[in-house]
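Chain naming follows the written order as A, B and C, and within any one chain the residues start at number 1.
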Amino acid sequence: MKSLLTILLTLCIPLLTFSQSTNGKVSQGASIQLAIDSAAPGDTLFIRAGKYLENNLLIQKPLTLIGLDYPTIDADGKGEIFIVAGKDVTIQGFKLINTGRSSVEDLAAIKGLDAHDITIRDNRFDNTFFAIHLSNTNRALIQNNHLKAEAEHEYQLGNGIHLWKCKRARILDNEVSGHRDGIYFEFVTNSTIERNQSVGNMRYGLHFMFSNENEYLENTFKNNGAGVAVMYSHGMKMRHNNFEDNWGTASYGLLLKDMRDSQIIGNRFTGNTIGIYMESTSRSTFEDNLFKQNGWGVKLQASCDDNSFSKNNFIANTFDFSTNGSLVLNKVNGNYWEKYQGYDLNKDGVGDVPFHPVSMFSVIVEKVPSAMMIYRSMLVTMLDKAEKVIPAMTPENLKDNCPSMKPYDLYRKSK
Amino acid sequence: MTRIIKYILFDMLRTRFILLYLGFLLLSTISMFMLDGDNAKVVLSLLNIVLLVVPLVSVIFTTIHFYNSYEFMEMMLSQPINRKTVFLSQYLAVILALSLALLVGVGLPIFLYGASGSALTLLYASLMLTFVFVSLAFLAAVFTRDKAKAIGVGLLFWFYFALIYDALLLWVVYQFADYPIERATLAMISFNPVDLARILMLLQLDISALMGYTGAFYKEFFGSNMGFVYSTAILLLWTLIPVTWSMRIFKRKDL
Amino acid sequence: MISIGKVNKKFGKFTVLNDLTLELELGKSYALIGPNGSGKTTLIKTILGLVIPTSGDITIQDKSILKEWAYREKIGYMPQIGRYPENMTIGQVFEMIKNIRKHTGALDEELIQSFELEKMYGKRMHTLSGGTRQKVSAALAFLFNPPILILDEPTAGLDPVSVEILKDKILKEKESGKLVIITSHIMSDLDDLTTDLVYLFEGDLIYNDSIKNLKKETGETKLGKAISCLITQNKCLTELITS
């Protein structure tokens, strides 16, 4: 009798586990944590639509969690939602809301610790402190998620996608808004950020600290405190991104600080207070970028050296270029400047007289910001004209020796 | 009153002065659009002309017209009609004539070549400037019987507002660079109608740079519609105060 | 009709009308004369409301005219130099004034006809000669059949034929019982047209009586002579006072 039971059981267990690993479904009212705990490594759990009031769901084995019709997991302001501390976990199709907030801990909707090869896909995050927070995690894939947060003050917000000490992460097609930093990288290398929308975040749309050899492409950064900040990093590739309408006191499309050996190519900077603000940046290439209707196209601090600007279009910016020193160690050659009024006698498409992109009034405004109020008055026009004839305040050796007569066709190039 | 305005206006629209002004505006606007396809650049070049020429023409035309109409106004006032009506018909007719010249000379090309927000703002700002400087010129004209003196005073107004004032402002701003002088600067701007009209344009063309200001005050001022509303309101004051003042003088004036 | 009571007018320190008191009556025709700067034009302008008296009052039919304007429908005024908007046609000027007047009674277009202005209705004011402009001014003054006519140098600049036409018209209106005030330097004209004399000198009213009496007093038959006599008398008087 006892042996019969054992046989039956041994027959049933594989059946049970089989059914769990392929069809394990969780419905509203049931516990997701229980289902996770009872699942075997490699199992797939389907969570049905509904509302689940759970938090701190701990996953320590390879597991695939798939939400059907966006089940909502509500942490009700307490702690985190998923804590992943194992490899090969996939979290897909959930709506994750209301994590706790803390000034001590980085509470997140999905927290990954050593969660190598984690996939986070098609999820919606609402009112989370941090949405996705990964540490020490390699080869993460974060794709097609919508992240939204709201708060009045910066300290009430965490970052949308926060990576610390990660390698080879791929962050694709996400939409992040209302966080502190939309995407934050610290000690992250060899990673790709592509086709994301980072809009209306309080600090930066995308923020790199001590993160080298990363690339970000075709992203849009709009209405953030500042678009992208790259600090203490090198070997970065920044291509074909849109930096739009990042307005404010210290608001930049792109902020570069202590960065070197990088490429900034084919980006569009439109309507930002400052297109690119750079200090202590060296050996970097700025090419094929469009600077349009920014307050300042490029603000280059004197601490930068050996950078090269060419084939960029500067159109309808209040000030194209400004700098705070007279010594200039950067090359600015062969750009299109809409403000250029020179001529081209030999018709080779290159202006015959050099262009000085730093206007006198930009120097004045640099010293006395309130002077901006008389910009475009007759007085200022006259002063600028006079300065063009006899340069006194502007750095004389910052000049474009071969300014293009026509704007470069950047749109075609980026295709 | 509308009939009188109509008669005076039709008379004015035939004067060489208005026709020349119209021609000048039309020619410069169209040629700028032809030389440069880029709307934004045309607006910039036009801005320089507008800030300079519109106040100047408004002052000179108004003064000349006022003195040329002196005997006619006497004649009208020997009829059963009150002074307010005569004054306002003259004033409104001048405003209408100059505004029409602007609307046709600048507005028409703008609409033909594509009306952008900044181009329309330019038109708006230049109309505002016309109102203000016509009012100021009327004030100068009712104060003195001497035509040359009135033109002189008008030109002084113009030169002061177009150039001198900004130089003073720049000097003050430089002197007090280390102090929070945002409100003071704005207050000073309010005392110059040309600057106010310019601010309207800055809000269109340089909003990205203006938003770079430190301090919440400017941010609030420029970031919302407040800058536009404020400038318009003060420009209207600049129009209404001189015109009511000059009307009061005109009512008691010995002709 | 018009009663001027203690009117003073000062331009700065300069007194133009000095305590002037004067009654002007319907049916009489007044020659308003005096040397240049004696205050003739100022007096006319004061009656028209163009100049506001420093003190004193003017009434027309016992109603003060100060701060009023509707009373001017009773006045037809012909200025010394009529200037009109340059690009307006004669027709438009008439239209406009008619529009201002809003006159309901019959129009007196006699002068328009006798000056043959209708033919020139399409002409612009700046193309007209001074004489033609005077004709327009004259026609306008009489057009609305006002009880008071104020004519400032009406015959200046007119050709002899037109002068006669205008003088006939003035006489006719005077006889129909209107109050006419004329200033002129042409004494013979005044002799024909006026019944009374108002003589101003440096803002003072020197003489105000009928011309008949003046001639009687001075023993002259011509107005011109009579007036020069008056002036010399006046001079002797002032000399007497000052010494």
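Just so it is clear, a contact is a pair of C-beta atoms (placed from the backbone, for glycine too) under 8 Å apart; a residue touches a chain by one contact, two chains touch by 3 or more.
Small disclaimer: the values here were computed from a predicted structure and weren't measured.
Chemist: Looking at contacts between chains, which pair has the highest count of C-beta pairs?
Modeler: A-B
Chemist: State which chain is most central when centres are taken as means of Cα atoms.
Modeler: Smallest offset from the overall C-alpha mean is found for B.
Chemist: Using Cα averages as centroids, what's the distance between chain A and chain B in whole Å?
Modeler: 47
Chemist: Between chain A and chain C, what is the separation of their C-alpha centroids in Å?
Modeler: Those two chain centres are 89 Å apart.
Chemist: Go ahead and note the Å separation of the Cα centroids belonging to chain B and chain C.
Modeler: 42
Chemist: Over in the complex, which chain A residues touch chain B? Could you list them?
Modeler: 247-249, 251, 271-274, 293-296, 316, 318-319, 338, 364, 367-381
Chemist: Which of the residues in chain B come into contact with chain A in the complex?
Modeler: 38, 40-41, 47-48, 51-52, 162-163, 166-167, 169-170, 173-174, 177, 181-182, 185-186, 189, 194-195, 198-199, 201-202, 205-215, 219, 223
Chemist: Provide the residue numbers of chain C that touch chain B in the complex, in ascending order.
Modeler: Listed in rising order, the residues are 11, 45, 48-52, 69-73, 75, 77, 79, 81-88, 92, 95-97, 99-101, 137.
Chemist: Over in the complex, which chain B residues touch chain C? Could you list them?
Modeler: Going through chain B, the ones touching chain C are 3-4, 7-8, 10-12, 14-15, 68-72, 74-83, 252, 254-255.
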